[in-house]
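You will see two complexes here that share subunit A, one where it goes with subunit B and one where it goes with subunit C.
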Partner chain A sequence: MNRFVKLVNFELSRFMKVYLVLIAMTVIVQVAGVIVKANGYMADANKAMYEDMLSQEQFLEKYGQMAFIDVARSLWFMGPITICVAALIFYVFIIWYRDWLGKNTFIYRLLMLPTARLNIYVSKMITIFLMVLGLVSVQLIFLPLENNVLKWMVPTDFRSDMTVSQIINWKYLSMLVPQTFSEFVLYYGAGFMALTVVSTAILFERSFKWKGIIAGIIYIAITVLIFIWPALLVFIMGRDFLYPLEIVGLETAMGIIVTAMSIWVGNYLLNKKITV
Partner chain B sequence: MIEVKDMKKKFGRKSVLKGVSFTAEKGEITCVIGINGVGKTTILNAVMNLTPLNGGQILIDGEKINKHSYEKVTFIPDAIIMQPSMTIREAMQFMADFYDSWNQKRATELLAFFKLKEHEKINNLSKGNRAKVNLLLGLALDVDYLLMDEPFSGIDIFTREQIAEVFTSHLVEDRGVIITTHEISDIEHLIDKSVLLDDGVVVKEFHTEDMRETEGKSIVDVMREVYQP
Partner chain C sequence: MKRYWRLVTIITVVALTVGTFYIQSALSASGSPEIVFEKISGNKDELDPVVLEGLLNPGSGMSADERVKVTAEGAMYERKQSFLERISGSFFGNDMQRLKEKHRGFMRGKSGNASFFYETDSTLAYAAVNNQSARISESNMEFDVAVMDKDNGKTLSFNVPIPNRAKYVQVWVEDVQMIDGELKVITQNFFRDGGNGELLYRFDITNEEINGKETIATADNQEGNKRKHIQLLSSSDQIGAHPYVIFSKTTEMRRQKQGHAQTTTEKRERKFIVYNLKTDEKKSVKAPNSVAGKDVLMYKKETLYFRDENQIVTYNWKNDEITGKLKLPSLKEGGQTLVKIAEDNIYVLNSQIESSLEPGSAPVLVILDSDSGDVLYKGEVVTEEPVAKNAYLNIYELMIK
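This part shows the complex of A and B:
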């Protein structure tokens, strides 16, 4: 196993306990959400039919059938996803600062490993990226299960069945689970780019301390400007200035440039400017 | 040979190192001596490319430091540089995973020498035992040069004696050692060469034995002359 793979493996193992807790929390809360929402719906149905004396048709006409999307729109479903996203965003900072801050001086060891320092940078990026993909995969694996739980709890007449692909087509989930390969490349590419930009900004701070905070903010501003330049062009010159496909092409090119630049600058800082 | 040439380093506007030059030979123990804040740790950090310099050059066997240098030279700082949540065994495994120069046989020998238990977590170790783990992880690498920063800082006398014993053993034999300290008494008899720093420059560089033979002075005598004129 080469040192880069070992580094990725090591970085993954450092967050694994928290990561498994996040996965368990997501699954438990979402399944609980399905149960609670389904019970709530059926309780409403029973009350309407046995206390308010509505017929099944009248109830369905008034309240509609229950679909998985009702669960997906709830805090039970989106809450854990939001917590996972927040935790991973937070971990983008922690993955760097944990090696420096407090009594931890592990950065000495990392920087003295007999491997290119670029590997340290890229391994941390890949670790976060794999964790995102892992959480999305877990969500995809458990969606059919959660869908089936709903089917077990709500009788056929009261529910409107959805396939997994219909569920992930919903606007928020479609961001996490893109429908096409090109969407995957665009969404996750943009995420990876943001990851490299923030990491490089952190390395500015680690290299130049308080001056580095300013440098990091300026760096982020520059990369944002580069990335949104095609959109700015359209905004200034008018909608007809570029075809949509041209905008996508230019944005992709800008994204690649920003990512490559961030990795290059990050590598330069790690090799020439970093201080322990 | 490790060559430090005209090393300059500023922290903000303050010049800490104003052109430090010295060499450290393989098979010799070179001690960089100076009062607190004189830049001893900065020199070692710079040799390992852990802090950027404002000027000067460092060569290890004639080459600038690169990723391969870390198989040739290792740094043992005064604080533990492994994850505190690791056990000693995990720390050793980490080193074995990443360093071709890791010598498991020597690591086991050091473990017994320092009376450390593999299953113990670094977090739970005393300061003295953490220093021993640091030494173990550094000494178990088959490297040509060892850099040690204040190895006796804040540890008890028995641990000091044990660490000092390492210097006279085969564990250090034939290696080049650069050690920084201001507590010279424990290892004075082991030092081959002394480099005295003051006000950002090398004020005296001498071979201990020569100094003793020609001028009849110990390192402490020379330190008194330099730091308490």
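This part shows the complex of A and C:
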């Protein structure tokens, strides 16, 4: 256990600098976005009221009130999130390949550690997973702050306030933070499954090189098939012979099977087939 | 511990933030107001079977409409449901949902609406048409039939091709009934060469076959200026046993004025076709002129309920006489009125499309005794706490459990 915790901590520290930069970038760009959007809106209001001689009511009727959703929809807000998502997806590959790159292949030392190789595999998975959840948390922490920045900048009459849960209910954000905790567990559980599937495919490639790429792709195809067969069956039969709750139950079971299988295969490859 | 600060920090932050967020959102009142019935007069117990379905707009700018169900116990917002409740679709407790909960095995794989089902104390029956498709080539539409004996829990189910199915584009089941062990299914068939008709199929359950077909009425090719419409009226007890099915058949004479593209309806004639499910007799009824052109709300045994402005007219087709007139509470300007008749009561909801929730201008529900016309209950649908001035409620459905 101790070795496993050490490994996770070690993997975290290897990416920590980039990770902190991602967080800082997100916060800075999003807060800047709030300021820019709010200023833009107020400039429009001033221009309309002083130059075009519209009354406040006329302006509001024409342009509507400013709400946080206007910021959330913009590139200022979604851009950093997209970059973070892309960076972490990229790091799923890097976390493995960086150990093989360079002159002193680091994987050599990792594999020589007097610990089960399964620990290496799982620690990398947990690291990525924790970093994903970390970014979601950072967003949840800064959202109320950004919401308040908007309140400072736009006078009450010109804005319609939204609560944090109203903002999160918006379609793209509700993918990151679903409405209920059960959905949160299901979404991120599915994410963890995908993570293990891709990692195992990477290990196929690391074990068998060119042939391994094909093996990896086949492996991904098999897991997708296993995972979707309950839904597929209903679709082929053309009638809902399963109740929605049963489909969720079956899909959860399939997800657990796929995850366990991926970890097992990954462990096997790491122990028996891996080449350095 | 100090060596692991990264790991400890990230786990703490995640657990605290995500935990706080979900605990908070579970605890916080949705921000959506509680909605209650405010009694004006009558007996509160009459409210028990009433379910209102609607959309509430909280009136604060960006926030979207929320689906809400209002009963005597208060408001239930769709958004506040748990994930499991949401996916099992239990929000609107309609007949289908009730059947699914009570007869899980029988209802497996059966979809559609309540008119596909028939339920009494001893029997649950189902009929639907599979493979609906408007393709010209060949049709493989077939009846999907299932009958369960509630006493011993045994289910008989089978599929039979629809006789002469090549003739039809679509066949819709409109009512399922069972008389003396024989299953009778009323369908609306759309003919490939235009027009449609109401048909009745008789099923021999034990031999799993169709043993009879009857064409009750057709509205075939629309010739010249004549337009015919045929329609099954809604029964007071859609899912239960009823001795008759009643159709309305309307014939319109249309004329195209010279030089005008539009046609105008010159004359409209309506008659009712009463089909006795027990004796298989058909009777044509022409309602008196006083209710000509008035909407039929529903039928119950020998009685047809017409809606005439703000009164309900009951008409006994067997004796051909108007049996009663019930005055409804007066309509508000620009308002809509939902009327439901169940058992012995008539339920009337008077509201605006965008009803305010303040006493005085809120939607009003009135429950009347269908025989005497006495007001059993009258009350307003209001919020418990005052809400934003421009908040509004749009009630689009009045259901009686």
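Basically, the second predicted complex is superposed on the first by the 272 of 276 C-alpha atoms of A that agree within 3 Å, B and C clash if a C-alpha of one lies under 4 Å from a C-alpha of the other, contacts with A are read in each partner's own complex, and residues count from 1 in each chain.
In this text, contacts are C-beta pairs under 8 Å (C-beta built on N, C-alpha and C of every residue); 3 or more make two chains touch, one makes a residue touch a chain.
This is a predicted model, so every value here is computed, not measured.
Of the two partner chains placed by superposition, A:F93 touches none, neither subunit B nor subunit C. By the touch criterion defined above, A:Y172 lies against neither subunit B nor subunit C after alignment on the C-alpha atoms of chain A. Considering which of subunit B and subunit C touches more of subunit A, the answer is C.
Shared-chain residue A:R3: touches subunit B; no touch with subunit C.
Of the two partner chains placed by superposition, only subunit C is touched by A:E183; subunit B is not. After overlaying the two complexes on the shared chain, residue contacts for A:M162 are found with subunit C alone; subunit B is out of touch.
Of the two partner chains placed by the overlay, neither subunit B nor subunit C lies in contact with A:W264.
Once the two complexes are laid over each other on the shared chain, residue contacts for A:T105 go to subunit B alone; subunit C is not touched.
Applying the stated contact rule after C-alpha superposition, one finds that A:I69 touches subunit C and leaves subunit B untouched.
In the superposed model, A:P114 makes contact with subunit B only, not with subunit C. Taken together, the two complexes place residues 6 of subunit A in contact with subunit B and also with subunit C.
Against subunit B, the residues of subunit A that register as touching in their complex are 3, 6, 10, 14, 103-106, 108-109, 111-117, 207, 271-276.
For subunit C in complex with subunit A, the touching residues are 3-4, 6-7, 10-11, 13-14, 16-18, 21-22, 25-26, 28, 31, 60-63, 79, 82-84, 87-89, 100, 104, 108-109, 111. The residues of subunit B lying in touch with subunit A in their complex are 45, 48-52, 67-68, 70-71, 74-75, 77, 79-84, 94, 97-100. Contact residues of subunit A toward subunit C in the complex are 5-6, 8-9, 12-13, 16, 65, 67, 69, 130-131, 133-134, 136-138, 140-141, 160-163, 165-166, 177, 179-184, 186, 239-245, 248.
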